[in-house]
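All chains are identified by letter, namely A, B, C, D, E, F, G and H, in their written order; residue positions are counted from 1 within each chain.
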Amino acid sequence: MTSNKWMIDADDAVLLLIDHQSGLFQLVRDMDFTTLRNNVVTLAKVARIAKIPTITTASVPDGPNGPIIPEIHQSNPDAVHVPRNGPINAWDHRPFVEAVESTKRKTLLIAGTLTSICMALPALSALAEGYKVFCIVDASGNLSQMATDLTIARVTQAGAMPIDTFALMSEVMKTWDRPEAMDFAQVMVDHVVPAYGALMDFHGAAQKSAK
Amino acid sequence: MTSNKWMIDADDAVLLLIDHQSGLFQLVRDMDFTTLRNNVVTLAKVARIAKIPTITTASVPDGPNGPIIPEIHQSNPDAVHVPRNGPINAWDHRPFVEAVESTKRKTLLIAGTLTSICMALPALSALAEGYKVFCIVDASGNLSQMATDLTIARVTQAGAMPIDTFALMSEVMKTWDRPEAMDFAQVMVDHVVPAYGALMDFHGAAQKSAK
Amino acid sequence: MTSNKWMIDADDAVLLLIDHQSGLFQLVRDMDFTTLRNNVVTLAKVARIAKIPTITTASVPDGPNGPIIPEIHQSNPDAVHVPRNGPINAWDHRPFVEAVESTKRKTLLIAGTLTSICMALPALSALAEGYKVFCIVDASGNLSQMATDLTIARVTQAGAMPIDTFALMSEVMKTWDRPEAMDFAQVMVDHVVPAYGALMDFHGAAQKSAK
Amino acid sequence: MTSNKWMIDADDAVLLLIDHQSGLFQLVRDMDFTTLRNNVVTLAKVARIAKIPTITTASVPDGPNGPIIPEIHQSNPDAVHVPRNGPINAWDHRPFVEAVESTKRKTLLIAGTLTSICMALPALSALAEGYKVFCIVDASGNLSQMATDLTIARVTQAGAMPIDTFALMSEVMKTWDRPEAMDFAQVMVDHVVPAYGALMDFHGAAQKSAK
Amino acid sequence: MTSNKWMIDADDAVLLLIDHQSGLFQLVRDMDFTTLRNNVVTLAKVARIAKIPTITTASVPDGPNGPIIPEIHQSNPDAVHVPRNGPINAWDHRPFVEAVESTKRKTLLIAGTLTSICMALPALSALAEGYKVFCIVDASGNLSQMATDLTIARVTQAGAMPIDTFALMSEVMKTWDRPEAMDFAQVMVDHVVPAYGALMDFHGAAQKSAK
Amino acid sequence: MTSNKWMIDADDAVLLLIDHQSGLFQLVRDMDFTTLRNNVVTLAKVARIAKIPTITTASVPDGPNGPIIPEIHQSNPDAVHVPRNGPINAWDHRPFVEAVESTKRKTLLIAGTLTSICMALPALSALAEGYKVFCIVDASGNLSQMATDLTIARVTQAGAMPIDTFALMSEVMKTWDRPEAMDFAQVMVDHVVPAYGALMDFHGAAQKSAK
Amino acid sequence: MTSNKWMIDADDAVLLLIDHQSGLFQLVRDMDFTTLRNNVVTLAKVARIAKIPTITTASVPDGPNGPIIPEIHQSNPDAVHVPRNGPINAWDHRPFVEAVESTKRKTLLIAGTLTSICMALPALSALAEGYKVFCIVDASGNLSQMATDLTIARVTQAGAMPIDTFALMSEVMKTWDRPEAMDFAQVMVDHVVPAYGALMDFHGAAQKSAK
Amino acid sequence: MTSNKWMIDADDAVLLLIDHQSGLFQLVRDMDFTTLRNNVVTLAKVARIAKIPTITTASVPDGPNGPIIPEIHQSNPDAVHVPRNGPINAWDHRPFVEAVESTKRKTLLIAGTLTSICMALPALSALAEGYKVFCIVDASGNLSQMATDLTIARVTQAGAMPIDTFALMSEVMKTWDRPEAMDFAQVMVDHVVPAYGALMDFHGAAQKSAK
């Protein structure tokens, strides 16, 4: 079963994590900090397991935007970092676009903080160049719920596919019948569905008590 | 009056209830448990009354996802169950697709827990194969409201019709002037609009007191 | 300035108020009762002022759905009532469609309680027959916010224009420079923006104190 | 059955409506405008029916606070108005306190906009002078929900009894077996529980259809 | 371990279910209908299992308040009904107080719809006569969340103990090591914590799969 | 990098600020007053910095709608004001359209209070005449969240691009590597992201303490 | 009229602003940043106008807590700053207590970020030493709404008076008939009730148009 | 500075963690799972650092309540576990009370899932025996927000002190000037205020860039 125009083909995908910086994270008000960080780490880890090239960038990290949160490159040492000073839209920064082009892949999985800007603007630019774009809104933080609602409407209208982190992970993973299944499961329990860990403990205890 | 491209033709419809499992139900946070279970049971019962073929599946029910909630097959003994281990997207599981194809019907009514994955992925796959797809979002549970909002935008963009349980029931039922009217009414009072029962008691009491 | 395909031409419009019944009103949970009733009355009065033909219908008013709320026909004595027993979708009831057709108008302004059913199903049927349809969601009540969100997505996808009551009133009124301006203003103060009345009192007092 | 120290004795009560002015009403964000106005009118009408002396005051009505909303004195022509310029706490204004004292009553029913100030400060002052005080919080508007939560805690701690408008009306009315029962009922349907009117229509229709 | 002044002694308790009528239930906006009904039924069943005398009353059930919801007496055939016309505060109705007094018990467990009136007023009256009073707020419905917040503050200030239905059930049950344990468990699964049923299914399936 | 059909080209843009009047502002309930005013001022200042022509209009400013909030023209003395009496939709007022046409620009950035009317109607009219339209929803205030949700769906469906104020500012600014960068930064700190100012203080203090 | 035990006597009051630091402000999630900052600045300015001694302190300002927000001392140059390293509860820091004692005043007006700690702990310590304490909760920021609810309950139980910023300002100001009235008004419009400014513009325009 | 009757003296305190079991955790709806687990782990770690004896218990862990979440004893290997079958209120289980008594301490810090039962009932029992009790509500999960609100009111009324996890940690820690300061800081960053970690990264980066 191959993926279709509305779905992700992991072998054609690149993950773009844009401006997930510790200063900008303080401004986020549409999600709680822990969930946002967990979702971003999930993406970084899932991309590594699924061999999806990952590119990060940060806007003026020496200033009040702050440095990239360290968990990203710790979770995915293979991720390529493209420094950037000046352009707000990462797609306006030629080295960033070249990093994307060098992967020869045409499906972009984009998350960025702030959602309306760091995620949305590169998404709109890339769509205009023919890329297939997925916007991972719950791994992107924003100033307000209203701004997020507007951004979902805007990028969807332009043809990007809005998606949440766990859906993306599941679509990339495709099946439990693969060698890396337990690696995905660990990410799931550690980051994207922590309550699943308690459910597994519960299940294990029930089985143990039955024996 | 025949149905049109935006509406349900009950004679062409199949109901797909995907991964409504007791472990996954514990993870749901965009709806309350009772409403979700009631809506799922409503679908199972309505499908049986309206002779809409029903197919269920569950992902690894012996593990932490848990077994299908028993109310589904109790409410609709005619439902066909397709076991499944491995593929996350039920549409990637050939026996499941074959069960759908064997009905010769082309309108899919899909609910699944979790919404972003178990409902959305089969919907997107089936749309690409030309099916007419209705996504019953309030009979599907999800990790967060944000994930549900994203999923509604995603499946709608791809051409699926989002719908709620009571709308689906009403559209399938079409008229009170049919032999099974009281069967539908019973489902309505027991599950999808419980407050209607109190309204009927109220109405009956008013009429009784008037006589 | 004439209206365009996305806007209302009052001279081509018919108002359809479907199943605004006192029993069904008790079930509404996505809006508060007073606002819903005020919005429905606003539509009835505005239609009368603007000479927009108005058609009402009710489903089994002798049963637990209850009678139409009396304020509608009190506010708009010109409204035509089409009784209906059986068909859930008012558009499946031939006399109702004939009442619409007899107006020779092709723009439908539809409100109905419950939103997902009484407003949405006739909207979808009429769209398929080539009507231009506006869905007045805040003059329609529903079982839940989630059901309303799904319905807005569904009818918009099919081509209906979602609208709120005050926007509709303003679009129909078009200008304060018309003989009925004060009639519209009265509706505004009495029903759709009650706080405007206090603002007018405030303004009057300020002017009086200045003199 | 006489009332006790925690309850209202209507024969010992005075209603104080403080600073319900059209400018201040624009600032209210913890309640919607219509509900607030309806609750204030309810109090005015109920006091008149129950012969509870009513005193109003307004702070600088010629300025941006605006005039008292006219519905109050229209609803209760017997209400006494005490003009006031300067003192923020109405209890700091001697003529206001004298108006209270002249009633010889010791139970104060206080509502005021803004809640934290116009309702709370006179309540605290009166408590210190030995009055029994009821604070009608949902007939008082405030800048924020947080400010209201703080005020409820503050006045309760000081010994005032927090109460809502419908509870107050019911406690004052005491029984349906009194001559003014229908007057109270009219207030209830018109202002404090508008949905009850639809329920009465529903009930009447059910009885009529039964005959 | 005996209960103390802040806790319930089941052998000294009487359950009072006041005005849980199908018309009044339509007005409730601080809780959803299903949860309220389930909580009321829980109380009725728990009282029967624990041999706590239960007294019901209804205000003018032939009018728009509607009849008592039938589930109460169906769930607890031993409950005594005291009819009442006129007095709003049930404690102002002598036969009701006599029914309480005849039990010789001094701890009252009170739920009523509407919370601010039907639950609160009898609670305040009984406190003044020296009863120990528990107010079961989530088995009482009210017009608004604000009215409920005010009522919790009021009755607590007067000395009543606010409590939720599941806490009350647990306090009355005291231990799983008693003959009626499974009867309590059934109430828990059927009414007060429906999700617990899915957890039990999950647990059973895990144990079965382990064997 | 040039902008595309989904994005803003600042050199082709005109800013339209419609009916941001002090009376209408009192009616807004989907946003808080301070945020709305800050967003409007942000637009006025950003347009001036980026040399985007700005046109304001007001509907009957001598009446209860009140005058334009003075901050707009204080922040952007170059803005052109077009007085208007009568037409509700500013696009129905010929001098307003002529002011737009005289700029020779075809990209409209529209904000208006109330959103459903003052922002939406001109947007829909201009779209029909071939303009590219951006609707700045969080610089427009509305009567309710539901009305705003409906309006976002409506204008998006018609082809307008919904956007938030900070996204618009960022898209117009494009890069920090421009002479006016500090002017934009000042707007950001003063109005659209006030918390960023505290972050800058924090950053400066950290750097100072390190030296 | 003198103040009583539940109210503020400005001549006996000291304002304590504890740990309003730019790092800690980033953690606040029970209020929005702008409102919190405005409320703190209101307190600083009001204290100065009313000649209430003001004491600030900060915990480890060179570290991640950050420096005190500069607006405080800018708004109130008379405020005394007591540096502090180590003790979390400012009351455990002897120089801070001595600063309070040196004022000879016994009424403390306390705000602190975070509420549960920086405001609550000194409040509880001071109460035990016989001070009269007011806790200004909406000029204190906290990690969550739940933490704030718990803190209000805790400090109230211990005898502190919870209060909001505007109530405090009004209580301190007492009357508009004093020389500093316009200074207070300016604070009100600039910080604590910004919408009041628009109302004043509105009022002025109405008066102007009347002349 | 010693602690007073409203505050915690760490040397007199015992931590009681009651029924934090993986099955019961699935039922929690007043907090999110991650925050609840983090708060519970915080308590376990803080108690160990501060040498506060810790006692855990679980109700029927082999059944659907599930086992204690393993993080508790992993975080605090010194904690004593008291098994329990039968009594719902842990204080009704003699070995549990004996474990408390053996510590010779009289200040109880209690958290339990579900809040209304597992936290509240032992708190009420212990208060009656003269213990000083702190109820850590945000380290206790409950079925609904309403149930939590009622429980806060109930235990506060009985004399328990409601508190949140971070306040408790700060009160126990008292000062940064102690040998274990960095151990407390680690708990703070890892569990109770995760955003503080990003703030520290930010601060460090600012200092590094300054050098």
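Everything below uses one rule, namely that contacts are C-beta pairs under 8 Å (C-beta built on N, C-alpha and C of every residue); 3 or more make two chains touch, one makes a residue touch a chain.
None of these values were measured; they are calculated from a predicted model.
Visitor: Counting a repeat as over half of the contact pairs in common, which of B-C, A-H or C-D repeats C-F?
Guide: Match found for C-F within B-C, A-H or C-D: B-C.
Visitor: Centre to centre, using CA atoms, which chain is the farthest one from chain A?
Guide: Following the centroid criterion, the farthest chain would be D.
Visitor: If you tally the C-beta contacts for A-H and for B-D, which one comes out higher?
Guide: If we tally the C-beta pairs in contact for A-H and B-D, the bigger total goes to A-H.
Visitor: List the centre-to-centre spacing of chain E and chain F in whole Å, with centres computed as mean CA coordinates.
Guide: For chain E versus chain F, the centre distance works out to 54 Å.
Visitor: Please tell me the distance, in whole Å, between the geometric centres of chain B and chain E computed from their C-alpha atoms.
Guide: Centres of chain B and chain E (C-alpha means) sit 34 Å apart.
Visitor: Whole-Å distance, chain B centre to chain H centre, using C-alpha means?
Guide: For chain B versus chain H, the centre distance works out to 41 Å.
Visitor: Which residues belonging to chain A are in contact with no fewer than two other chains?
Guide: 23, 26, 32, 35, 66, 149, 153, 195, 199, 202-203, 206, 209 - these are the residues of chain A that touch more than one other chain.
Visitor: Using the touch rule from the top, collect the residues of chain A that touch chain F in their complex.
Guide: 23, 26-27, 59-60, 63-64, 66, 85-89, 91-92, 114, 116-117, 120-121, 124-125, 127-128, 143-144, 146-147, 149-151, 153-154, 157-158
Visitor: Where on chain E is chain H touching in the complex?
Guide: Within the complex, chain E touches chain H at residues 1, 4-7, 30-31, 35, 137-138, 148-149, 152-153, 156, 161-164, 166-167, 170-171, 173-177, 193, 195-196, 199-200, 202-203.
Visitor: Any idea which chain A residues touch chain H in the complex?
Guide: 22-23, 25-26, 32-35, 37-38, 61-62, 66-67, 69-70, 194-195, 198-199, 201-202, 205-206, 209
Visitor: Applying the document's contact rule, which stretches of chain D touch chain B when the two form their complex?
Guide: Interface residues on chain D, with respect to chain B: 202-203, 206-211.
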